[in-house]
Structures are given as C-alpha cells and as structure tokens.
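Chains here go by letter, A, B and C, matching the order in which they are written, and residues are numbered from 1 within each.
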Amino acid sequence: MAYALQQLINGISLGMIYGLIAVGYTMVYGIIGMINFAHGDVFMVGAFIALISVVMLMSGGLMDGPAALLLVLAISMAFTALYGWSVERIAYRPLRGSFRLAPLISAIGMSIVLQNFVQISQGARVKPTEPLVTGGIEIMRDGDFVVQLSNMQMLIIGSTLTVLAIFTWLVTKTSLGRAMRACEQDRRMASLLGIDTDRTISLTFVIGAALAAVAGTLYLFRYGVIDFYIGFLAGVKAFTAAVLGGIGSLPGAVLGGLLIGLIETFWSAYFSVQYKDVAAFSILVLVLIFLPTGLLGRQEVEKV
Amino acid sequence: MSASILSVEGLTMRFGGLLAVDAVSFAAQRGAITALIGPNGAGKTTVFNCITGFYRPSGGSLRLTRADGSTAQLETLKDHRITRAGVARTFQNIRLFQGMTVLENLLVAQHLVLNAATGFGIGALLGLGGYRRAEAAAIARASDWLRAIGLLERADDPAGALPYGAQRRLEIARAMCTGPQLLCLDEPAAGLNPRESDELSELLLAIRDGRSAAPTPTSVILIEHDMGIVMRISDHVVVLDHGRKIAEGQPDQVRNDHHVIAAYLGEEEEA
Amino acid sequence: MNSQALGALREALIATAVAFGLFVLMVGLRTDVSTTGALFLRTRWPEVAGLCALVFVGRLILSLWNLREAKPPSLALGKLGSKAAIVFAPALLGAALVLPMIPGIGRYELDLGILVLTYVMLGWGLNIVVGLAGLLDLGYVAFYAVGAYSYALLAQYFGLSFWVCLPLAGILAAFWGILLGFPVLRLRGDYLAIVTLAFGEIIRIVLLNWVELTGGPNGIGGIPRPSFFGLPFNMSGDPNSFAGFFGIEPDPVHRVIFLYYLILALALLTNWVSVRIRRQPIGRAWEALREDEIACRALGINVTTTKLTAFALGAMFGGFAGAFFATRQGFISPESFTFIESAIILAIVVLGGLGSQIGVAVAALVMIGGFELFRDLEEWRMLVFGAAMVVIMVVRPRGLVGSRTPTVALGTRRAIGAEHVGEGRG
C-alpha cells in the first residue's frame, strides 16, 4: 500500500513534466495542424540553458535559495522561448499552408539540428550536477518503507500547477488567448477579422517553448544529469501523452501527461523497467484503436 | 406499373441528441428520376448518406430491388459494398481525384471489373493477356462516356484543371462507369449557369432513358435546389422538412402543395 | 541608401540580435567537467562574435537577393523535373550497372554504392506506402528490422540458405505489415504517424530486451555470408569456391561486387514492381486513395484491403532489404534500427517528390552520398545533414520531381503539376 502510494507520487510528478511538454505539442497542433517534431529538443535546450545558468550562478556564489532557482527558471524560459520562436520562423513559417509532408521533414531536420548544435557547443559528454533541491517530508511509514514526498516533487507539482494556471488564464481570459482560439478554428477568417495570425502563431510557439523550458529546468533539478539526447525520448512520450489525451485539447495534454507518467512509473515498479516505454506506447496504440481522437479529443467528422 | 428500385421505410437517423431524419418513407421507381427536395437543413443529404452507406441509419429499412429481382438491404451494407450492390453517387462538394487525369478518374471507377481480370494481381503483373484486354475495354467505355459528356479532348488533362461545370459532368460520368442500377446525385446543378443546367438536364434524361453511354436505362435519385431542373426532369418528387417527409408525388402536385410552399417560404398566417 | 536596402539591413540586424540571444549562452559558455568532477564554464566569446557576424552577412545577402524580382528557382526547376527524368533515368541505371567495372573503383566506392542502393530500395519500398497510397508511416524501419532478424534467426536455427531465407524474410515482414497496418486503418494523418512511430520503437525495444531470442544489445553475429549460388567466396582458390570455379585470382572484392549486384537487382525488382503496379487497379486505387478516400469508398473500392495491401507490399520490400543488410554485415544489432533511420527513409521519399521513382533514387543518392562525402566534417556532419533537410524542404516542399506522370493516356501522356496532386490524409 505504501509502495503504491510512493509510486503514485512519483508517477504524478513525472507526469507533470510530460504534461508541460505535451501542452506545447497540443497547442501547436491545434493552431497550425502539425506535429512540432523539434519540441522535445526544445525541452532539451531548456534543460541545458538551465544548466549553464546554474553553473554561472554557482561560480558567482549566487546559487542559493529559492530566489536563485527562480532566476534559473526565468533565464531558461526567456532563452528557450527565443529558440522556439526561431524554430518556427526558420523551419515552419515558410512552409505554412503548404502540404503536410514537407513541414514534417523540416521539423525532423530541425530536431537533428538542435541535437547536434547542443552536442557540438557543449560537448557530447554527459553533464552531471549535484541535486539542487534536497529533502522532503514523510507522508507515511509502513514498516521499513517510508513514503516520501520530496521537496523536489513538491516543487515540480507546485510550479507546474502555477504555470498551467497562468497559462489557462492566458488562453481563456486575454485577447491573445482569444486570438489563439480564433486561429485554431479558422485561420483565414481570423486573419480577415484583423488578427495578426503570424504573430499569434509565433506567440504560440514561444509559450510552448517557455513551458518546455520549465519542464527542462525541473528535469535538471530533479535528475541532475542531462545529455543532448534526452529530448527525443521525452518528446516522443510527451507527444504520445498529447495524442492520448486528445490532441488539440489542453486539459487532454495534461491528463495524457499524467497518465503516461503513472503508467511508466507503475510499470517499472511492478513489472519491468526495461519495457516501460513499450507499456506507454502500447497504451497509446490501444487507446487510438478504440478512441481514434484520444480521450478528450474533438470528434473530427468529415463532411461527406 | 414499374416496380420500385429503392424502397425507403421508416428511415431514422440520430446524431447524439439530434434527430436529423425522422421515420422517412418513400419509394423511387425503376427507370424514373426521383427528386429529393426541401429547405436547407431538411435532412436530404443525411438521407442520401444513409442510402449510400456513409452513415449507418439509426433505424428503418432501405430495400434495393435490382433488375434481376434480387434485393439488398442497404442499411446493413458498408459504403463500398453498396456500390457493388449497384448504387453509385456523386458529392455535394465535387470529389474528383484532382491529381489524376480525366481518363484515370474513369478507370478508377471501373476498379471492380478490372480487379477481377487481374488474376489475383500476379497475372497482370506478369503481363498476361486477360488484364490488358480488360483495360482496353475499360478505356473504350471511359471514352464513350467522355464523348457523351463532351470531354474527350480533355481526357489526358488533370481533373483538377477542368472548369467547374466540366468537373460536375465528369463526376457523374465517373459514377456511371461503376455500372450502377441506381444513380444518386447530390446537388448536381449547384453552381451551374443556365446553359450548363440545360446540358445537365439532357444528360440526366439520357441516363434515365438509356440513351447515354450506358446501354440500359438507369434510375436516378437526386437532391436539388434548382426548381427549374426538378420540375423539368423529375418523374417523382419527395419533399423533406426538418427531417420529415411532408409531401410526395408528381412535380406539379408537389409544387402546389401548401405544406411545401409553407416550408420554403415560411408559415403563412393561419387564415 | 534606398528604403529597400534599409529594410534588408533592418532584417539582418534583427536576425543578428536573435542569433546573439541563441548563441550567447549555448555557445559562449561551455560547461565542462573539471578534474574534480564539478562543472565549470569556459567562455568562447570569439566564436559567438564570429557566428553573429556570419548570420548578419548571410541574412543581408538573403534579404537583398530576395528583393530582386527573380522567379524563385523552385518553379523553374519544376518543369524541368519530368523531362529530365526520361533522360536521367537510363543514364543513372547505366552508371549503376557498370560501376564495378570502372577502373579506379575500389572497395570503398563499392561499399558506398551498396549503401546508397540499400537506401534507394528502402525509399522505393516506403514510396509505395507514403508516395503512392498517401499513408504516413514513420516506423518503416520496423520492417527492415524484421527482415534482418528473420534472416539471421532462420539461418542460425534452421541453416537455410540466403536464397530460401530472402522470400521468407519478405513474407514475414509483409505479415507484420498487415499486423501493424490493421489497427491504424481508421487513423488519419498525424495520428497514423505517431502510432507507426510507436510501433517502430516498440519493435526496437523488444529486440533490445528479448535477449534469449535476439541477443539483446549484442545482436546476432556470425550470420552466413552470401555465396555465388552455392559457390562460397573464400580465399582458398579451390574448385569449389567462386574464384576457383571461374579460374581467377581470389580477391575479397569479389564478394563485395556480388553484394553490389545483388542489392542492385533487389532494388530494380522493387522498382519494376512499383512501376507495373501503378498501372494495375490496386496501384490506381492507392493513388486514388491518396487523392480522396471518401470518393474511393463511393466507387466500390474496399479501402481496408487497399491500405493493408500497401502496408504489406511496402513492408515486404523493407524485409528483403533487411535480409540483404544482415547478410552483407554478417552481424546485426538493434542500434541499426532506430527511429532516425525511419526519418531518413521518409525524408528520401518526400525529397524525391510525388511518388516518383527516379526522384526517390536521386534523393537517396544526394542524401546518403552527400552524407558520406562530408565525412571530413565529422561531428558537424549530422548538423549539416539536418540543416540540409530543412533548407531543401523550404526551397522545394513537394520534392525534387515537381510533377506526376499519369499511368494511362488516350493521346500523349502529360505530366501533372504538383499543384493538383494530393498528399493523402491517411
């Protein structure tokens, strides 16, 4: 029982990270109808920028306390947002409205570029740091097994919820959010009504990248070890989460993220670690067979 | 007294909570043109989609009676099986294969016949005779239809490059190339100018009477908003409104039916 | 300075500012592991300055060049594409046939030729699924893997020869093609893409972890090398070996030449089947499916079997290629069957353009050959490769060949421009 509870906590905090990345996928898909294959690598860039900021602050003796963590987060979000903006500008905007295969290949190319750019700039070796946020609180005790909610996990859950709350407010209450939803529904009409669709789409990518940066920073704090390859697997799983939840649906992305995180954690805890990714992918396949538009997705009825 | 080719009984279609078609019953006679009319949103295309297998009806019976007397219950069949049963259709928004030539479009329509001649695919791959003959026959048939609709010179142009009126005619010819007994047309006259509408009427009458490239008369059901065409060529008219049948009969009868007038023009004050 | 030049200057300055933001941290501060194991930062400001200057100059040139009222090159090349194909194709084929005979062609060039031809064959195989039927498959490497492992295991456990295993590998791969195709029939576009990607990854992970069957990360070694229809390629020179039988000096290059012609034959088989099948009802049905699936259903075409046939046939050729790969290497491991391979093969098909056979061949030649040629760049090679993918797609989104050739005509066959041809929603 205690073991299960611990897995639940672990799964939720992992799922939150996936959810943050998944929201970026689903936003972009909702607004321009394409899979941003490079998004996972934007997450990786976010983790690296956070790493550089951490080392920078450490060498200045400033890496202490929650203010420092927030500063790292802010730096990561700002610079990663720039990466997100650039990716859209270079690889996707010229192909907008075009057919769907070219943007996909362009996105894959961009993913390769980002991975190798980081690899060349920062060196291919794995970068280890000490865990930056330690300690936690004990939830319950079952014999020798202690169920712990670590400070790191609380940070993850707390920041994710905060960020998502801000983001939901942004999408539902502000004019930017309205513009985004208008572009999602009918881009040409939105443009005719005076909405700057280019700017709206760029902002969508920027916000998605910022969320991925939060995920990357939290990932760095949590695991302490990053390399240029973490983007691919996290990206694929987060995309799986977005599709699972119903692509185009924001709550779906978060729900999907949580589900993938939980499935992965419980599977590795109770069955085998090696096949945890297979479990997540298989769930995706099964869900899509029976619910082709995902759990919370919009039913796309093609007019005959 | 000609037999009915399609007998629709109690057709009902529900989308979630919305009742789009409510117990509609009518019959389309063999060798006749039956028009399905009604204001926008009346459920005409929904009925069509049920007949042609794109929707599975929530209830009711759709009995197709073929020339040889055999019947088929269309509500139990999937879309491609309905075509095999002898029903062909066109679409409201033209669905031609834009990137294929006019001729190729008509060859795809003869897929079933050609496929049967390929000898499980292997024979044709190896170039054995049967397929080549079948393909030549299919091309000849396609040419007949192209001549009938006046597009023979454009046989090798991409379908997407044709003007609108020509695309509509091509779609009808393509449907006819499947060799149907019942042709279902969804707003064939939409967007046509008066001259094109006249040509369309001629074509449909020829199809009905067996004077077109098809050797035998073909029954027709059409959805149409152009009342000129409806009155001119239909033998039988069925009127829908809000998912229900409100009138059925000869064109002249229906034209003067006050329920129909009210449905199109709005309710008159109760005199 | 006129206003246009000012505009170009402004664009260049903005680009430089963005570049600065992108590079200042990532390039400027490199994290390295010190002797104590801790991380420290190494500054590289000159590199940042250099990159920003490069961006400035590059963007300026691009902006100024765009200002000239020149027709974009992509349109001009488009019409050329289809005519060139008629001339180009026999030339390429001829070159491929005589390559091993050309003096000065050694082991390295032959190996490169084998590599390119393998990707050409994989491209032609995937072309059936993506190019003809319009089904977006991101997991094609799975069938390549099935073919390779089938051959390896069949040879290992049953001692069957290559010529017996080859069709078996193809059949097994085709079977998997149907199995993996079945669940995805209802899926559209990007859903189809992600599920096929998931399948590819599932197969790779299973191969990696099912150690008893597949050897896990160590793979399977000792795969029997090919023989010339029963005559082994060894250096002994005795009458039962290839060299001895033909009375020539034994040379390791003989086997390589044989492998070269083998993959050439397999690739040409794939091509021949694809070209012929386009004229068959099933081939036309695939292209019609790509254009408009609903219209296909209304014409009596069983979309389910049509899609499954495309998956099966494409998978079969992938399986053949996999079997060839296994016999050529003598050793296989899951490392060779990653997602990036699927991505590269898909890129080759998309770069080829509009389901064109010659397009795929040229695209494979350019991409794989180009990748080899830039060997000196080492770690920069992949970066350039990725950038090339982006640039090529932006410049020619529909691929090299800008038109589709109809399979039948009453008069003369005229190429259909890319603006009409659909990409498929499946």
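FYI, contacts are C-beta pairs under 8 Å (C-beta built on N, C-alpha and C of every residue); 3 or more make two chains touch, one makes a residue touch a chain.
None of these values were measured; they are calculated from a predicted model.
The innermost chain, defined by the distance from its C-alpha mean to the mean of all protein C-alpha atoms, is C. Of all chains, A has its CA centroid at the greatest distance from the CA centroid of subunit B. Mean C-alpha positions place subunit B and subunit C at a centre distance of 44 Å. The geometric centre of subunit A is 50 Å away from that of subunit B, both derived from CA atoms.
Each chain gets one centre point, the mean of its Cα atoms, and the points for subunit A and subunit C are 29 Å apart.
Shown for subunit C are the residues that touch two or more other chains, namely 294. Residue numbers of subunit A whose C-beta contacts span two or more other chains: 304. Residue positions 54, 91 of subunit B are each in touch with at least two other chains.
Put simply, subunit B touches subunit C in their complex at residues 52-54, 79-81, 83-84, 88-89, 91, 95-101, 103-104, 107-109, 111-112, 114-115, 118, 121, 124-125, 131, 135, 139, 143, 152, 155-161, 174-175, 178. The residues of subunit A lying in touch with subunit C in their complex are 29, 33-35, 45, 48-49, 51-53, 55-56, 59, 75, 79, 82-83, 85-86, 90-91, 94-95, 98-106, 108-113, 115-125, 127-129, 232, 236, 239-240, 243, 247, 274-275, 277-278, 281-282, 284-285, 288-289, 292-293, 300, 302, 304. Those residues of subunit C whose C-beta lies close enough to touch subunit B in the complex are 273, 276-277, 279-282, 284-285, 287-288, 290-292, 294-303, 404, 406-414, 416-417, 419-422. Listing the residues of subunit C that touch subunit A in their complex gives 18, 21-22, 25-27, 29-33, 37, 39-41, 130, 136, 183-184, 186-191, 193-195, 197-199, 201-202, 205-206, 208-209, 294, 339-340, 343, 346-347, 350-351, 379-380, 382-383, 385-390, 393-394, 397-398, 423.
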